[in-house]
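In the two complexes below, subunit A is the common chain; its partner is subunit B in one and subunit C in the other.
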Partner chain A sequence: MNNTVSFKEYILKTGTASVQEYSAENDNYVRKSQLREIWGRFCKNKIALLGLICLLLLVAMALFADVIAPEGYDNQDLYNKFALPSAEHWFGTDNVGRDIFDRVVHGSRISLTVGMISVSIAAVVGILLGSIAGYYGGRTDNIIMRILDVFMSVPGILLSLSIAAALGPGLFNLMIAVGIGSVPGYARIVRASILSVKEQEYIEAAHCIGCSNARIIFRHVLPNCLAPIIVQATLGVASAILVASSMSFLGLGLEPPIPEWGAMLSVGRPYIRDYWHLVAFPGIAIMITVFSLNVFGDGLRDALDPRLKQ
Partner chain B sequence: MSRYILKRLLMMIPVVIGVIVLVFTIMYFTPGDPAEIMLGESATPEQLAAKRAELGTDQPYLVQLGNYIKKLVLHGDLGTSYTTGQSVTSEIVAKFPTTFKLAFMSVVVAVFIGVTAGVISATKQYSIFDHVARVVALFGVSMPSFWLGLMSIIVFSVNLGWFPSSGFDKPIQWVLPSLTLGFASAGTIMRMTRSSMLEVIRQDYIRTARSKGQTEWVVITKHALKNALIPIITVAGLQFGGLLGGSVLTETIFSIPGIGTLMVTAIKQRNGPIVQGSVLFTAVVFSFINLAVDILYSFVDPRIRSQYKSKPKADKVPKAVKAGKAGEVSE
Partner chain C sequence: MSTLLEVKNLKKYFKTPGGMLHAVDDVSFSINRGETLGVVGESGCGKSTLGRTVIHLLPKTSGQIIFDGEDISDVDDHKLKELRRDMQMIFQDPFSSLNPRMSISQIISEPLKIYHVCKNSKELDSRVTALMETVGLALRFRDAYPHELDGGRRQRVGIARALALDPKFIVCDEPVSALDVSIQAQILNLMQDLQKERGLTFIFITHDLSVVKHISDNISVMYLGNMVEKSPKKELFDNPLHPYTKALLSAIPQASIHRKKERILLEGEITSPINPKPGCRFAARCIYAQDRCREAAPPLEEMAPGHFCACYRAKELAQG
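Entry: the complex of A and B
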């Protein structure tokens, strides 16, 4: 009985993930899923929870954009342009009389899509390169990491801008341009995690029973590096949304009438001396989205790996 | 130390060559015919062909890349701007000081705000100031800097009329751009300072310093902050590099004639050499800043300085220990 108490104390003190918890009713250990452990730790962080709720609301807004703003995003009303925020037009109207609220709502679809897909592109390429580099080591590692060094030595936004210039405007091109810049980040994280697990006994055991290299990487190594990748991806969506809106603002991403938030800022910019509402609301939308992703990502990091807690 | 710097400089060469190849390749695949841009739509096919031969754009990719590198290495020649006909190098050299000044002032703003707020947050952990500062820092990181720029123009320039909204000649014109550009970095630096300070403050030597009767100010600034500086310098250095690139947007908003505006205009005009040149130039400056940051460590931290010495001499060791000041070596 003494042992059980100290074990419980140990868990409480260290906050490390436990798969078992002592239950007084059954006088035995009950299996507790790791997911619930993580969720429990995540919920203690109030601001991260707020981030998650905001994020879910944003996703809901994107999914039900047609219900929330049935007028669509390109409904011009030239008799009613530059209208200030009112009960009829919550965020006012823009230079051709389009309702800014409708456009912000529809814009969430684009920003979230661009963020998630460009991060997926970056993560898939980065994970692949990082695991090859980390697992095989030696010359392969050297070549891959030196090439990634080249990508890292160009400031991210400049790289994205020049790639966008080469590919031309458009949704998919924007995603690629935003994604490529963050590939090295994922590759480095995966490589570091793989280096830390690949010498462990269970990998050796997998070798011994004749697993192929690909199977070892995907079944045994990568699942153990998942936590930092998930965190990096969450924070990555935030910065991807920022970069994408910056590029659209400069006119190198998506162009009007697409209601991309950055492009909306670009449309409103010439009129800021007289009509503040054209630029205020799309910017607030970007800020709230990025803010909730950032706090959610921070909370996730603390929940997934309490040792990293700052 | 000088051997280390030399080694780092040599290691930069392959990276720079890599950047040249990368940027050249990206621009090579950019649609648009330079000859058409220079001669306009009225040019005859013969004129176009002659211009292509003159520019060398009718050559295969590898030949063009070879020529570009050869010209760059031998003469420092980055090519000629398609629109103005001037040399790219001279255009960049003319615009770079402005961008550098903007980035530098933003880093100063960011470090000043970030370190001050971070230290106060760490020393008064969980106080109201701490909570407010952390939320503000998070908002700073989450805000697009160009949006902050637009809003500050609306508030401080249009409504209050305190600062001008464009230009970069007079010091009063520097205020808004460097504040908006520095604000996001201040958030990052504040977060780093806070966590780094929190770690240091719990060390034994801080308790020792306090118990020997040292004033709190000296304990925090001299004993704690100095040891917490390494991660802060790393972040500040990275931010500086990021700001050089990030100034693209700030320059556009405040109509500042720097590399950023040069590059954005060039991209829109399909002016390849200028884009190539400015990306390459910024990347090289970025690498030098990273090197400078690594060298800076050794001035801040004698423990790192001693690692650089390939053969530590007996008479140099006491000096390093002395410079470290008793009680500051935590490991």
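Entry: the complex of A and C
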């Protein structure tokens, strides 16, 4: 039965008929939800799906840290320093005999929060400034970009350090400090892609149908600049975690014994020659986070672009 | 027959590193309700700039625009938004005039949403459906994206978007030049049908003389930012007065092999529109040019009823 194709199906496949001919088809036309379509496109990318699952697991680990590692993160067992991974201590113990597994699990709370929120701060501020500069151009562009140039002329870590020093230690201040340090990067990327998109004819068409500037920026320009922003943001999470850890190392971030992956790396670094597991496990945790964010970001970028639909 | 749009001494200059670019220089014309003014000219003569300036997509340098009896030369943002309901534009390139990230129904419904035309989403839906039917787009394209459609269908989407707010006046900027000839005919017929049904007024910008012959009531010929000739369609094709128009018309290929037509070949390049010399812009390439042509620009004068021409020697040349 399947090899007989009805006339209607033929028309629908080839699209060669006029409206009237398949008006019957139009009557029972079912609307496809756009979210579902994006989700469908996303699911086709298996690696991206894997990334999303990893991310969800990491978030679950952070949420249920108390259940997974009920012992807490600061129990010292000084007789048992530098213990190698075993059944009792899955990831071994560190230089003061704390269980590394417990610390990695609890550290996910801090590291994930710092990574994602500071990137969000940077992305939101950067996108806003960059799109205003790129869209309006002229003097506005000059003022915004020159101020950001000043920010860029200071090395990122130094900038974050001085902001953290001014604001004082603490998780939230740390995130602001790390976030502001990477604002110029986002602003530049967004501005550059807006400059190319705003010359397109559909932007002129948007003006013509009476769109306000804000609507043009958010509905027409920014969605077409998404790709580089997503890539920059997913890569940014890793560097944010590491910058945050170096700030903790310098005493401007979180204070020990609060576990944080980056800080655990710097604690283990002096012993790396003899006790690899001190740096390996927090390092792997950072790597998994970054890797899953990257593949997830890639998949998201492709899924959001209708032109790549197969 | 009442006038819908009147443009007086419109000028649009662009500042460039080389000097002032006179894209549209002192152009005046008027269009009656329900008629089509075809604007022809070669690339870079300012046709598109003229269209865009008239509907305030580009700020004008000077001049007066009267739309529907109202002076709209200088309007604030609020008034401009209201004006947009009545003046729309159909763009040249159907591949870049639609946002690639929006579905067809989103593109068509956007103007309706901006002006809060529909009370609820159901009404919006039916308006979009009606618009798609009007322009001959199958409803199965509702959730399609522009890249899935061919050029003709995309142009229909562009037309539907322009029609969404029920405008009185539409600037068509070479709407068929990017399409195949067979599709061109479809789109042109669609536009003519819409004009009849809705009483639309068009400015139809094109460089294709056969297209302009098909669709216009009046035709104006532009050369380097100046309007050199303006006349009813038939009169222009039967009795062109300006040397440039003559050259332009002689370039139309003849279907008959028996009638030999004399081609007028223009010598030289189009002169630069940046800081143009005084006098007739066409003088440098005109075989009839005299000294007075190079000294001052000839005014647009009525040579026959409704037939205007900007040439000192038009009359004497017409007599042979």
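Everything that follows uses one rule, which is that the second predicted complex is superposed on the first by the 180 of 310 C-alpha atoms of A that agree within 3 Å, B and C clash if a C-alpha of one lies under 4 Å from a C-alpha of the other, contacts with A are read in each partner's own complex, and residues count from 1 in each chain.
In this text, a residue touches a chain if its C-beta (ideal position, glycine included) is under 8 Å from a C-beta of that chain, and two chains touch if they have at least 3 such contacts.
All of these numbers come straight from a predicted model, not from anything done at the bench.
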Partner chain(s) touched by A:Arg215 [first = subunit B, second = subunit C, both, neither]: second
Partner chain(s) touched by A:Val290 [first = subunit B, second = subunit C, both, neither]: first
Contacts of A:Leu265 with subunit B and subunit C, given as first, second, both or neither: first
Touching partner for A:Ile157 - first (subunit B), second (subunit C), both, neither: first
Touching partner for A:Asn224 - first (subunit B), second (subunit C), both, neither: second
Partner chain in contact with A:Ala205 - subunit B first, subunit C second, else both or neither: second
Which of subunit B and subunit C A:Cys43 touches, first, second, both or neither: neither
Residues on subunit A lying within both footprints (that of subunit B and that of subunit C): none
Residue ranges of subunit B in contact with subunit A within the complex: 14-15, 18-19, 21-23, 26-27, 29-31, 135, 138-139, 141-144, 146-147, 150-151, 153-154, 158, 195, 198, 241-242, 244-246, 248-249, 252-253, 263-264, 267-268, 270, 275, 278-279, 282-283, 286-287
Footprint of subunit B on subunit A - complex, ascending: 47, 146-147, 149-151, 153-159, 161-163, 165-166, 168, 238, 242, 245-246, 249-252, 262, 265, 269, 272-273, 276, 279-280, 283, 286-287, 290-291, 294-295, 310
Residues of subunit A defined as touching subunit C within the complex: 12, 15, 17-19, 22, 25-26, 29, 31-32, 34, 37, 200-202, 204-212, 215, 219-220, 223-224, 304-307, 309
Of subunit C, residues touching subunit A in the complex: 52, 55, 57, 81, 84-85, 88-89, 91-93, 96-103, 110-111, 114-115, 133, 136-140, 142-143, 145, 147-148, 158, 161-162, 164-165
